[in-house]
Each structure stands twice: as C-alpha cells, then as structure tokens.
C-alpha cells in the first residue's frame, strides 16, 4: 500500500495536516467541470463537524474556516483540482507536553513510533480526529455533485451505549430531528436520554461508544465495480479508515449470518424488502443503500489509566484537556462525507462502463 | 473508482475470469525477488478452496489446477509479475440457460445488467464465487511472503446459523481441528452440530449464513498507513469485496459501541487485553490482529422464490444445480488470502516509512 | 513507483511473462462493455509483430498464437477484464547458457542483477523484446475501441541509419506501401535501400538504429489531462518504455528549439499548420497527432564485443542466435499499440471531464 | 487516465492551483520520516524558478513565498504528507480580459474549452507556467532526499536558438557558471551570446525555443522498474508534462538512430563510454544519467498573430503583458525537480525489489 493519504480513483481526494500544525486540508481531483460550489456550501458542512457547546462534544473551539485555494472560477468547478485549507487555531500544545514520552491507551501513539520512529505528539498529530475536517471538506464537494444527480445521504446516531434511536422504518424516526439535537439522534426522547448518559459519563471522566447509521436515497442501480471495488467494499474502507470505527455492516449485516436464504433473499425489482441494504455483488440495486458503523468509546478520558512510556515501563496517566465523551454525533457528517466520496467516484466510474 | 480488478499498491494483484469462461486467474505484481514459490505451494491453497464431497459444499467438481505462467525461475520469484491461471472445467452451461432472461434473488444479476447492459449469465459470470480462486492463488504467494517474515494467519468458521464454535481464548478451541472437519470449525462437537444443520437445510432446499473469524500472529507493530490505508480499512475493503460478506468487525467490534472507555482501552505494550483487535489508528499494535466477517446465506436455493425477468415482471424460480448451503467453510481460505494480501502490501510499504 | 507492470488508469493494462517462460500475456481492465472483439482481431495484430522471414527481422519462429481467457462473451466485451495469453514456443534456452555469468553490452543484464539479485538470463527474461507481444495484444483491444470512435493510427519506419523515407506530407508517401515491405517504410524505393543496408549489416554481424513515426487521425479536440497526464507525456512514457527507444518528439520536436514563436505558433482552429503535432498544453487540438521515436541499434550483434562477467572482469562476447538487425519494422505495431492504449485511456477519461 | 494532478507512486505529489487564483501548491506524500527539511531549503529552490530582472525572463514579480502547512515537525519530515502553498500575488487579471473570447496561438486555450466547456482564462489558468512552482516545491523535497543518499542533479540551458553551450565533457563546461548567468548556460561566452539574442528578440516582440540538458551523478545501478515504469519512461513523462516541452532524448538519443550496434553499445561496468545515458532497459547502469529536452518558443509574443475566437472566426491578436522570451533558463530548476521526483520514487521502490 502507498502512504495512503489519497482516497478514490476518478474522484480522488488527498488529505494532509497534523492536529497542531499550521493547517489541515485536502485536494479534490477529478470533480467534473461546471458544478456550482463555493465557500458557503463548504462552510455549512465544516460547521456540522465543529465541536458544539455541550452535549457529547469537546469544548475546544476551532474557527474551522475553510478556504478554497483553487479549482473554482466564477462560482463553478473548472475541472482542475480543488484545494481547501482549514487553518488550525486555538490549539494549546502545552496540554500535550507530557505525551512526548508516554504512549496513551487506545491511541496510535505506540504504533506510530514503531512505524516512523518520530511523531508529532501534540494532540495526536496526524492521528487526531482533526484530520476528519479535510474529509468533510472533500465530502462537501462530493455531496454537491451527488445532489446534482438526485442522490442524497443522511446519517445519524442510532445507538449510544445502551440507548437506541428508532429505526428508519419506525414512525418514531424523524429525519428533521437529527440536526436539532446535539446527539444527532432522529428522535427527541432518545436524544434526551443519550444526553443524560453523556452528562453522567462526563462527570465520571469516562466515555462511551456508539453506532452511526447511514442511508442513501436516489441511487440508480448499477453503481459500484463488481470485484475489488464493490460499492460496499469501498464504503467499508472509507468508514473503517475513521480512527474510532471498529465495525461496519450492510443491510441485515451480522444478523444475516443467522438467517436462511429463503428469508434473507430480496426479490429483485419488486422492492418489498431490502435485506441486502441496497447492494448485491457490490453493485447498487436501485434500493436505498443502508449501513451501520460501530465506534469505540473515545480513548481520551480523564480517569486514571495504565499507560506505557517509551521504555516500555508502565505509567499512570490522566488525559488532560476537554475531549468528546462519544464520537458519534461528530462522526455523523464524516460518515456522510466518506459515503459521498465513494459514491461520487462510483458515479463517474459508471460513465466508462459501456460503449 | 477504476474498473476495480486490481487490489493493493506495492504488492498488487489483478484478477480476471468468468465462471464459465476458459479460465480464471491473476497477476501478482510487486512480490520481492528471491522468495521460494512453486506450483505445489499454490495447489495446496487452491485445494483448500475446492468444493468437498459433502457437508456444506457444492458438489460441482473442479480440477482447479493452478498453472504458473511467469515470475518464477528455478523455484524462486525474480521480481517480475507472477501470472497464474486456473482452467475452468466441469462447468455445465446448460444449467444456466434460463438465467438469460431472469434476475435471481440475492444475486448481482439485475445490477450487472443495469451497469453494463450485457452479462455472462452462465453461473454468475464474473460475479460467481469462482472468482475467489484467483484471490486464493494470489493469497498463496502473499502467505508465503508473510511466512518468510514470521507472520501466520488462521481463519475458521466461528458461527453457522445459531451454532457457535468456541472462541480462540477458550480451552475448547483447537486450531488443529479446523482443517479436519468440512465445516472448518475449531471444535469437533460444534462442527458436528453444524454439519447436521447443513444436512437439514439441504433437504429443505434452503441455506444459511455464518461468521468467519480470522487471527494473525507474528505481526510487528507499526504496519498499516495512518489515514486512508489503515490496516483495518484495507482488510475491510478486501473482505467486504467478497460477494456474500455483509459485515466486518475488529477486536470487540460492534460490542465496543456499548462499552465505556475505561473498560475498552487496552494498556499499551502491557498486552493483558486486546480489545482493539491488534490495530489502533489503523496501525498494528504488535498484538494479534483479530477480526470477524459476517456472510449472508447462499442466495442460490432450490426452493421456489420470487424473481423478476428482464421486463420487470415477477417470476417464480427454483435455482438448479448443486450449490453450497453455507459459504463459510470455503470462505475460510479466501478470507485468509485477502488478509494476507493486505498484510504483504503493508509489510512492503513499511520499508519506505523511514530514511 | 510501483513495480510497474501496469499502464493506464481507466483503460489499464497489466502485462506479464519472461521470454523463455511458459507464456507472455496481459490483462486489459476497463474496456467498456459492448465492443465487438475476438481472437481473429487479436491475431491480426500479433501477426504484425511476429518476426518475418528475412529483411530486418530475427528468424526465431514463434507461433505467437493469442488466446483470450476472459472478458469476451458472445463476441463482445462485457466490462470484465480481458486476459490474453501467448504461449512461448520455439525458444531455445541452450543458446543462452553462457549468459548466466556474463553481462551483455547494451542490455539490462547488469542493472537487473543490481536490482533484483537474481534474473532469468534466458533471452533477456522479462527485458526481452518478447514482452512487447503483450503490449500488442492490449493494443489490439485499444485500437478496436478507438476505431469504434473513428480514431485511426498508423506508424511506419521513417529512418534506418542514414536512409530516410518521405514525410507524410510528401507525394512520395504511400500509406498502403507500409505493410507491403518488410521494413515498413511508406515508399518502395526507400524500403529497398533500407533492405540492402540491413543485408549488408547482417553480413557484417552488426546492427543499426532507426526512427519510427506515428500519426493519429480522427482525434477530437479536448483529449488528455492538463498537468501530469498530458497526452504527449503519457505517450512519451508509453513509447520510451520500449526497451530500445532513446528519444521522442512531437510535431516539430527538437527542431522547435531553433525556431521563433512567430514561426512555430499554429493559428488555432484554422488548421493551416500543425507544428505542435496535434497537442498543446497536453490536450489534443483536433489536428493530427504526430510524433517520432528514436530507436538505438539492436545491441545483440554477432561481432565480438567487450562485456563483463559477474565479477566485473572484462570478457569478450559474440552474441549467438539470430537477432533483428534493426528493431524499427517490428517496433511499428508496438508503437501503434502504446499510442492506442494511451488514447483509449484519454478517451474514457474525457467522459468524466464535465457534469 | 485519471484527472492527472498527481505524479509518482510511492513518492507521490499532487499539485493544484490556477495562475490567477488564490494560491498554487502541492502535497508530497510518501517522503520517509526523519529527513531534515524546512522553509529555507524550500525557498532556495522556489527562488531559482522566480523570474529575474532581465535577460530571458518575464518581469512579472512574484514573491513566490512557499509556506509549509504540514508534514514537518521540529525540522524533520514525520512520514505524513507535506503540504506547501505559494500565494499568488502581483498578477493583474485585467491584462487577460480579452482572452475570455479568444483562443491564443500555441496555447491550450481551445483544447481546454473543448475539454471542460469552461476555463479560467486569466493567464492560462491551470495551463500557465505558474503551475511549475508547485513542481519545484515538490522537487525541493525530492532533491533533499536524494542528496541524503548522495545523488545530485544539475540541469542547464544547452542551446537557445542556434547558440550552443559546450557539452558536459568539454573543458569549456563550467558547472559553477550555470547559476551565475541569467541564461543558465555553463559557459560565460555562450551565455553572453544568448543574452544578446534574447535582447534582440525582445525588441522584435518575438521568442525562441531551446534545449535543457540534465545530468545526474551518484546514482546506484538497479534503479527503475523494468517494464512500464522504466526510469527513462518516467522521466520522459515528467519532462514532457511541462507545457512547452516537445521532445526528450537519453544518451545519444536521436543520433543513436544513425549508429551501428558495434559503435553504440557500451561495455558494461567498464565505464569508458556512456552512449546509453546511464539507463539500459529502463534500469540505471551506475553511470551518469543524461538527457536533453527540447522546448518550443514561448507562444506569448507581442507581435500580431492570427488567432481564433469562440465562434471559430479568425482574429488578430497581440499578447500583452511581459512574457519570457525563452523558457529554458526558468525551465532548468523545473527539469531538475521532475527528475528528482522520479528518482526519489525509484529509490523508494527499489527498497521493495528483494526479500
């Protein structure tokens, strides 16, 4: 594998930036010419990822102002790469001095040193969740392209700890509610319970995992490439490449392992069931694309934990600074972004499938 | 995305072949020179994927004889691409004539037509599980390379329907047992129960899903690239690109969504727990790499099902021929192969990480 | 750079095979579905590359029978990779025993050992001109695709030693003549002179260099990508990747270095001049694409030459076997192939340039 | 082919930016960790590309201040992508208003519109030579990496119009002189003559082509990949991807077309001759790598020329603004950069060639 800061093939993004370096950003290559795009559309998505004032989120304030450096002329894409940067501001490197010598539990610190022999220890450097700002910026372009072709994506927090939000099919599910609460759950009652859980965990200086669900509508049949670049394979790569993601499933997912063929098979074209989650053999069926991703608890907690120093000696550590209690609410726009980037790539790829 | 018949970057495979065409095969590019490899090593892996005589497997007989066309000289790799072909024999196209006009439930038939406007309808063409023979061939090279560096991979059927095999940590787990039973379960009693279930389902002309688990030992810390080419992201892509795979999880996986940080975090270097499954921030920790993949029930069942024809009209269909009742036993070597290919790529990539 | 046995991005070929191994071949990925193609079309191109009976060519006889293993169904491409193999027959490894210990002048022998520490010394192994059979096979598909869109490519031997064929613009130029003489010159008189030169050199156990010219008509304006994947940059890579190629120039080429802007500039759209050779800023202008490639003299000559053995000691060597005196006549279909592959890729890429 | 704003595989650059947009820049992915690099090293190379005060160069003043946004921590690379931006300042879009409707001779204007249907007409947009600033920035990293391994690259203007500088082997050749004169010729007398020619052409509102030569020393044998990614093939792609480049040749190049094998062959390891230019079969021989690139006359000239407008009607045009008379002096650092980027990639690739 190459160094791996690019993703996609025809619609291809390249990301860069450490948490406490001068800037984070990305280059989006391969977006067709003629698409209306500007810094307002960009900022709307970046704002969704930005930490809020309470709830599940860290209180680190980042202006997260996106600046477009290229690729847009008179309000439209012109077929050249779109470079976007987001200056890092408000970070406090002093918080991280201790980490120069210590490998945190649940973080890539040790692996990073084993790999490169050197690392930017401030705030996780390139392993920081800050890196996802670049993904959201690229996703803003991808979503705009998809919207132009009638494809829309929504994601939401479907579970936090033991608290579950209603499924999409349930009458309790409200898409409009998602962006109204800090948890991004599609139901106000569930969101309230989740907020209470978050509050309690924050007091305990602990954190929790959760699940983000995603649903794409308006997708034509025939997208995705049949072998290694299957639609679900590429989305899996995109989503599992988020630092805290530990699992993904499509349609009935792990439950399908316990089903019979006669129960699990969807009758094609008829559309009564969608157990497959809108993808068969890696190609979109024309039904809604549906998947769920599991996120582990945020590893940065205030509680004392066992860690190790550079010499392998055990050390006790309390992670300072303000960190998210659950990554899911802020992961929602990032999951949408990764999904959008894959779909934009698949959509363009499809143009070359036939004479 | 490009047409997608290649996988990997430095260690890169390209696969080809339709189920009922002349041959299936692959080209493995980027294997270092000097590695002992030959047709015996290759055949051993191909034989593991070959359908058995009973149990879970289809009774289609394929010689599945692998032939090496290039890249090996005097018993060693020489740095040039290794091309391997496996002639398709014993297939009976007559079985599939009806499928010219019908889209089968649970298969890519409709999506394929929507994509390409044309397809090889015989036995699924390129969407057939037959395609995985090429993956296993490439995996044989990758596994040989990994073995040279002390890395070993085992996979097994961990669940079939409601029947669960013991976990790796359990005293009931026997690695030696895996290849002894047709189910590839690491415990004889569990395997017997699973065989009985398979038998019953075969009589009912039905099928079942299951779960394959995989474990890698001997892996150094520091493998995998930190952003999009995370080790787990690449494995996810590789595994979900198997036609019947519907989910994947690493370490505690979906269970981690319900845990707290204080419980889920592993203390680095100490090695008492491995909740992360051997990968943090996409980089190997030095612990065992562990993941599980969910496979849906085989969609080809003898029972009558609702299907659709090319005009979108509903049709009843009974799938003829002999098909696997559960894909897991034969998926085991394929999951190992995909995992090996990713790890071989990561291992080479690591050579370029430092000055 | 990766191991480098693939070429192209959307229309992408992967080649394999050593000169004296079991087979040479390629996988063509990304050809759109629906294109009529078969082994007859393939064989026609392979036959053009095959050594003739006299003239400039080696007398090694190769059946060079191309076999299509996948990707074609009922006479058409189906969007899956097209694998083609050509069995190596008639090679006599005994001729090459001596080369196990000696590095030939003008060959990659020493560099290969320095790189891989091991090599297939029989007939140059993968460095042999035999490798170009795979390019011609892939080019046959590319040319068929281009022809479908009205693009045609012709190449010819324009110079051998001091003998020059007339330019395309000259009344002496005859496209029909090219395939009529063994030299592939577009003029019978020039071809005769060249044949006489070749004959003389064969007697002297020597060889000569030459120039191949190529011209593409029917190309729309707008093909090629503006920065690194410029049309001329990609063709340069493709052509210079032929072992004996030492230079390439487009339009006026090196002569343009001595011209003034007022003389060299072509008025756009007017089409009176084509000094640029049909490409400006890497994008096709709509005029004929024109380039010339310089090939060095065949390094394998019967005359005694100074060589070196594995210990670096000087050795005298006379290359045995029958080798081409000039590579150009057989390079003609290979140059066409490489040009076709680049153009096919550019043509598909163009589909993604706009909304 | 993909959109093509990336170059290289393991050492991989992605460039962006239009001439009159906010910034130009690049992302360098795959540079090994631990390499000392900083903005001073970067700026030194950027300054070499910057237009001078007289001689051959445009008088447009650009601060061309490079800013490193990521990938460097405490003065060293850390294995993460290095993003560099150069703000565009001092450009005067007003000069270009007329070009909205007119296709300039010798430029990509028409092809660009045919391709994308939209373009940034200000100063050529992305087709501007301004784009090469990003290449030089990336080249600064590549050159630093190469220097670490003892590889050094020099390029120079070897011909301008009819004026030739002495060859590298000549006693008149002075490497030290190259950076002392505005023409970048390796001999003061030749440089003076060339300056006089440039002056005369500037008065005539005309321009001239020229040739840049490049020589790499310290390169080990064994670099480059043997088939499509030959060292010379990749350099050809890199150099011909410069907008004004129209030809390239290695070693004896086009002259080799007129030589005999007995004259052209270099005896391996002995090193008395280097007709091949340091590369055989695409792999470095251990000798100096030598190539020459032909650049066409600058197409932007003050003289009246025939052009075409968007409707295809002929128009007369005088290009306003101050443009270079000959591109070669400023192309020198860009050619070095492209060569360095290819070699850095080859050097890393070589790490994966053997067990």
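The first chain written gets the first letter, and so on, giving A, B, C and D; residue counts start at 1 in each chain.
Just so it is clear, a contact is a pair of C-beta atoms (placed from the backbone, for glycine too) under 8 Å apart; a residue touches a chain by one contact, two chains touch by 3 or more.
Keep in mind that what you see is a predicted model, and the values were worked out from it rather than measured.
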Among the other chains, which touch chain C and chain D together?
A, B
Higher number of C-beta pairs in contact (A-C or A-B) found for A-B
Just curious, how far off is chain C from chain A if you go by their C-alpha centres, in Å?
46
Can you compute the centre-to-centre distance for chain A and chain D, using the mean CA position of each chain? Integer Å is fine.
39
Return the distance between the CA-based centres of chain A and chain B, expressed in whole Å.
26
Interface hub residues of chain D, defined as touching at least two other chains
2-6, 9-10, 15, 30, 33-34, 79-80, 115-117, 126, 226, 352-354
Chain C - residues contacting chain B, complex
2-6, 9-10, 12, 14-18, 21-25, 27, 29-30, 33-34, 67-71, 73, 76, 78-83, 85, 115-120, 125-126
Sites on chain D touched by chain C in the complex
1-10, 15, 103-117, 126-127, 131, 159, 161-162, 201, 206-211, 220-230, 232-234, 236-241, 243, 246-254, 256-270, 276-277, 280-286, 294-301, 303, 305-308, 312, 314, 342, 345-346, 349-350, 352-354
Chain B residues touching chain D in their complex are 2, 9-10, 30, 32-35, 79-80, 148, 226, 348, 351-355
